[in-house]
Structure formats: structure tokens, C-alpha cells
Amino acid sequence: MDGMTMAEWLDDFLFTYETLIHALGVHGLLALSMYCVMAVGQLSLGQAAFMGIGAYTGALLTLNLGLPFWLVLPLSALAPAVVALVIGGPTLRLSGVYLAISTIALGEVLRVLYINAEWLTGGALGLSGIPRKADLWLIYLLLFLAVLGFWAVGRSKIGRAMEAMREDEAVAGVMGVNLPVYKMGALVVSAMLAGLAGCLTAHSNSFIGPNEFGFEMAVTILSFALLGGIGTPIAPVIGALVLTSLPEILRPLQDFRLVINGLIIVVAVLFLPRGVIPFRLRRAP
Amino acid sequence: MTTLLSASRLTKQFTGLLAVNEVDVEVSAGSVHGIIGPNGAGKTTLFNLISGLLPLTSGTLTLDGRDVTSAPPYQRTRLGVARTFQNIRMFSDMTVVENVMTGMHTRLKSSGVASLLRLPGFRREERAARDKAMELLAFVSLADKARVRSGDLSYGDQRRLEIARALAGDPRLLLLDEPAAGMNPTETRDLGTLLRQVAKRDITLLLVEHNMGFVMDLCDRITVLNFGRKIAEGGPREVRDNPAVIEAYLGTKVAARLAKAHGA
Amino acid sequence: MLSQQLVNGLVLGSTYALFALGFTLIFGVLRVINLTYGFYFTIGAFVALTVAREFGANIWVALPVGALSAGVVAVVADWVLLTRLRRAKAGELSSLMVTLGAVLALYSLMAVFIGTDIQRFPFGFVDNTAIEFGSIRISLVQMLIVGTTFVLVAVLFLLLQRTKLGLMIRALAENEDAARLMGINVGLTVAAVSFLSGTLGGAAGVLIGLNFNAIQPFMGEHMMLRGFAVIIIGGLGDIRGALIAGVLLGVLEVLTAGYISSNAKEAVAFTILVLTLWFRPVGLFGRAQAKRA
């Protein structure tokens, strides 16, 4: 740091790693959106798709309608929430595989639609020139608030009900938990978080394309939550931090990033079902 | 006495098996009502129908005059039905006190927003809930284990925790599926005392149990099931002397011999 | 025009049916949504491509070699990923997640070493002539697809209904514990089911790769959308349902492309999938039990 002040060094650091630091925050939000569904014992593989809906909605509202960012952001959370209602409505009444299947299918169909609806989405080239309105502080503020929110709600009857559903859904129902409402609530909130993350990505990368929100991203988001575990809301966020920064630190791993993410899921499910941060949130005062 | 729970022609068919077959049961408010019958008689299935865990094939179910035939479990819980399970089903990762607080789900009124913002009302309610949970744990003699992981409790403790969790929702009707199973005689006697105290709190008990002494001692009225059908009903003495019941439990030969001995 | 489209729809539909057949078979018997299935499709196509390129094999060699290799891969994948979960009687979501992670790892590994460029069968691998019946044109590849689908389906049905292995498989599908008590070698039957479904997936990969003449590691993944739609529309685990739903989907897609737009075609599968879930979650024929949560 010779000849540099702390502030200059920080500026330099932020400049060099800007993309990574943005990605860390956004991936933290995505990990939380995964956490939210898994916390009620469900599996949604549509987090990347919800993110994509948020990203395209946000980008199009900014580019085509010129709406202010404070309005774009909530609308980008709303759009995937509506889709979540349409998909969650029928599937949450059925066994868990139906939600998982239809959400993977959602990601797949959207990818093709983004490519084909060239007039709107720019097709395979995607949308570019999106103004960079997602400041670093905003991303991290939202991440912080989301963790705090999950932590607070986790320590209430809602958190206890969610853990109960995860452990034994039928008994949770006998405790008086309105299962359909809780499942739908979790899915909608998780879709909103993913939509926010998508909108933030669009407005920090200034470019989005149809392949960023597909299968690979969906599985990657799942790997965040499985690596960290879902005992506390911070655990999946740490999972995201590790898996996002690892390939940056170990450059040779870069090519194998997706292979590693996939293998982490395999290993976590088979040998580490609680993740590497197995603590659980206390839910009583 | 008023009827709290009324089941009429309750039927549950699994593929090729009538587990509960046109059973009528009336449970009076304030009573201790026993359900007995040999293994596989359909007792647990009957409980599952009453608590809403299984949809019924036919029949009707009313609780305090209100039709709950197709109400989902959470609505029945709100109306005052609580239960324990034969194969203990606790939230084993939670602490003991958290388990009990989960049982209060329908009685806690704070909104999601209140808990998100940790408003004073919410925090007061949570503390009150914790205190009430601690009282219930003291009631079932588990106060000193409140912060233990539930899955680490001994078997008898887990059974009593399930009772505390069920009581936490202030039920009017408590279904107990073999609460004394796996308990030694001392524990069983203590359980009997506990259940009598529960009954004194104006909670109606519906009790499945294989320990005959325990049932005869505790119950005002007993319904006997065999192969899904109701074969007898009445007071403990009446049921004990009913030849059909003896036959169901001991088989025809023994019943005939007993009948002969009585006749002689 | 319409009759030509119906023919094209039927051909496309048979590829969907063929693809979904093995997928629904796994669920019907083993009760897992095995997402590595898409990789069997990819592997089938790549093995066929390799033997065609390196050894100049023709389709009659490349098709079975590709399909059977995929079958072997399927047995290994099932054994490595699912044995442990099956023994622990883990929930259906655990097995879904394991196969999901594994399939991403497999596709990506392949992409790292082979690349994601589209590859094609050697020129002249299959005669690209077409036969005309009046105004209807059917290419040789299309006839091959429909013919192979028919043969494979017939073989599968005979196997399930007429052989001892078929009996074992049906017993396993009914109830694993009961099957074990009846003295059925469950491990072996599971392997057989994996092999069968892998072979079906691999054959679909070769034929569909041939039809579109575009082979690429993630081709199996892109096929999954149709696979999901078909097995849910047909009813999870329902083989006959999957066949009919597959053909139906193919015809609907072709008609949509013809009369509405080729963009709308891509949304057909997902739209029917969601409609089915809303209005008929047990699937078209309701044989499969849509297990209530």
C-alpha cells in the first residue's frame, strides 16, 4: 500500500473487483430466495427463471419506458411473484416433485422465449446499454435487510411453523399451520427476492442475455443453499459467497465452475444434508 | 351431557381394506373416552380421520355441532382438536420449549409484520408464550429440559413432550394414541395422574391404549373396534364382560372356555 | 398441407414419446425423478456420432451402440447416485436434487472437454432421400424414427408383460418391500430398469440428433422441457399415457407453428403442462396417482 491512502486503495480494489463484488451481493440474495422455499420443505428450481423475469422486466421498464429505478425495482419483484402464483397454485397441493419439475420447465421455456421474442428481448444478443443504477450500497443494503428479515421472522411463530413443515409437514398441519398459505407465501416471497436480484444484476452489468437465467444458474443457486445449509439465513449466503469467489481465487478452477457446483449438490445431499454451517436459529425468546 | 364430537358412519377404505367401517362414536364433553381393540383394528386410522390427516371415504364428523367432515387439519386445530401420535412425531431438531411453542401456533395473534419489525406487542406475546410453554413443561415434569434438543430426550420424556405440545393449543378435545406405550409401571401410573389433571382442566380426552388396567381405570366410556367395526361400547365394566370383546381379544376358543367357566 | 403437417407432427411426437418413455419408466418403477436422464440422451447421440466418425459405422450399428452405451451409463449413474438414498428411504426431493447436481456436472464436464459447438453426423450417414405419397413427403430419417419408436415400444411392452424380468419390474413398481419379501432381487431389478430406460433415452438421442442433425452436450437438457411436459400430461409413471401425450404434443406443436407462429410453438409444451397441473394433475388418463402432499 506504499504511497496510497486507505481510501485510494479501497477505490482501486473496488474498481478491480467491481463485478465480483456485485455478483457476491446478488448471489447472496438468490441464495436467500432458495432458502425461503427450502425452509418450508419445498424445492423450487425456478429461482433462476424468477431472476430472469425480474431482470428482463427491470431492463425493459428502464430502457423502453424510462421509469425511475425506485419504481422499476418493486415492479421487477412483482412480475415473478405473479408467475409464482400461477405455477404454485396447482403444484403446491401435490407432492413436491411437481413444483420442482414445473419450475425447471419454466426456466427452459423462458430461455427459448427470450431468444425467440427478438422484438422485445433482443433475442440471443440480449439487452444491452442498461444504465448502471444498482449501486453497491443498494445491493448490500437489500441483502442485509433480507437476512435480518428472515432472522426476525424465523424467531416467531412463522419461523417455528416453517421448521415444523420442513421436519414433518403433516404434523405441522395438526399444529394448526395453514400449509397451502405458508407454501405459497414462501414461494411468492422467494420469487420476489429472485426478481429483485435479477433487476439488480441487469442494472449493474448493463447487459443481460437469455442464457444467464437457465438451467445452469438454477442449479448453481441450489448449490449455494446446499453448501451453506439452511439452519440459519446467513448460511446459504455464505454458501453463495464461497461458491462465487472460489473460481475467482483459484483461476484454474474457472472452467470447472459448473462441474464443482453440480458435485457440491451431490456431496451435500449424500453426505452433508445440513450443509457446512449446521447451526440452527433459536426460535424461542 | 353435551356431545363434543360426533362421528357418524365413519368409513375409511384403503386399497382393498376397510380400515374403519361405518363407525359411530359420540364423545361427551368433559368425558374420558377410550378406544380399544386388537392390533390393526383401525384405532389410529380413526384418529387420523378425526384429526383430518386422512380424508374419509364416507361418513360425517361434527365437532360441537359444527360439520368438520372435510375441514383441513389446521381448521380442526383452531376449533380445538389436538393429538399425539403412536409413533412419536416431534420436531426433533427443535428444543423442547420450541416444540411446545409450535403447538401454540393458532393461539398467537401477532402478524408477520409485527414479527418482522419486532414490535413490542410481538415481543410481549412471545415472552408470554414462552412462559406458558414453561408452565406446561413443568406440568409434564420437563421444565428442566426446556432447552434440550427434543430428539435427544428419552422415550418417556418424548411422550410427555407430545402431550405438552398438544395442550399448548388450548384444545377442547385431546386425542392420545397409546400414550403409555413403552412406559414402565411407575411412568404409566404418573401418566394416569397427569391425564386426570388434564381432564380436570375441562379437556375432553379420547384415548387409544392397549394397557387394559390403565384404560379401565381412566375412562368413563369405552368403544371397542375390531377389523374396523365397532363391536361394543359402554362403561368399563360393561365392556370388560362383553363376550364379543373377549372373543376379539382372545379368540373364539378362549372366549368359549371363559363363558363355560362363568356359566359353571 | 394439413396432412403433411399431421405427418410431421406425428414424427415429432414419436420422438417426444420415445424420449419420455424411459423417463416415465424410471419414475413409474423407482419413484424418482431422475434428471440424469437427459444425459443418457446426450451420451447416446455422442457415442453414435463417434462410432460413425471414427469407424465409419452406419446407422444400424451406430444406433444400438449409442443406445446400449447410454444404458450402461444409466446403470452406473443410478448405482452411484441413488443406492444410498434408496437404502435410507430418503424423500423424493433428495433424489431429485442429487441427480440434478450430477447432471449439471456431467454436461459441464463434457462441455469442457468437447466444447459446446454443434456437431453433425458425417455426410451420407443416412440417405436423405424422401418418399412421396401423393402430396405427402416423408424422409427416410422420419420413417426410421417412427419405425424405431414402434419397435422399441413393442419390445418394452412384451418385456414388461411377458417375461420374468417384466414381472419382477412390475412387482417392484407395486411395492418395494413386498417385492423383496417375495424373493425378488431388488438391486438387480433396479439395475435392469435403469438399463432399459437409459437405452431408450440413448436411442432417442441418436434418432433426434439425426433428425435435427445437431449434437451438443446440453442437447439432453434442452429436451427435458418436452420430457417434463409429456410425463406430466400422460400422468407420472404412466407409460401408455406418455406415448399418447408425446404424440399429441408433437402434433400440437407442428400445428401451432403452422397456424399461429413458430415462436408460439415453443410455449406449447409449457402451457399444456401448467394447464394439466391446474385441471388434471393425475394426467390424461388418470391412471397415475397424483400423490397428494
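A, B and C label the chains in the order they appear, each numbered from 1.
Keep this in mind: a residue touches a chain if its C-beta (ideal position, glycine included) is under 8 Å from a C-beta of that chain, and two chains touch if they have at least 3 such contacts.
None of the values given here were measured: they were computed from a predicted structure.
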Core chain by centroid distance, with centroids computed from Cα atoms only: A
A-C against A-B, pair bridged by the larger set of C-beta contacts: A-C
Distance between the centres, which are taken as Cα means, of subunit C and subunit B, whole angstrom: 49
Chain centre separation (subunit A, subunit C; CA means) in Å: 30
Between subunit B and subunit A, distance of the C-alpha-averaged centres to the nearest whole Å: 42
Touching two or more other chains - residue numbers and ranges from subunit A: 179
Subunit C - residues contacting subunit A, complex: 33, 35, 81, 84-85, 91-94, 96-98, 100-109, 112, 218, 221-222, 224-225, 228-229, 232, 236, 262-263, 266-267, 269-270, 273-274, 277-278, 281, 290-293
Complex contact set, residues of subunit A against subunit C: 43, 45, 86-87, 89-98, 100-102, 104-106, 108-109, 112-113, 116-117, 169, 179, 215-216, 219, 222-223, 226, 255-266, 268-270, 273
For the subunit B and subunit A complex, residues of the former touching the latter: 51-53, 72-74, 77-78, 82-83, 85, 89, 91-95, 97-98, 101-106, 108, 110, 112, 115-118, 122-123, 126-127, 129-130, 133, 165, 169
Footprint of subunit B on subunit A - complex, ascending: 149, 152-153, 155-158, 160-161, 163-164, 167-168, 170-179, 280, 282-285
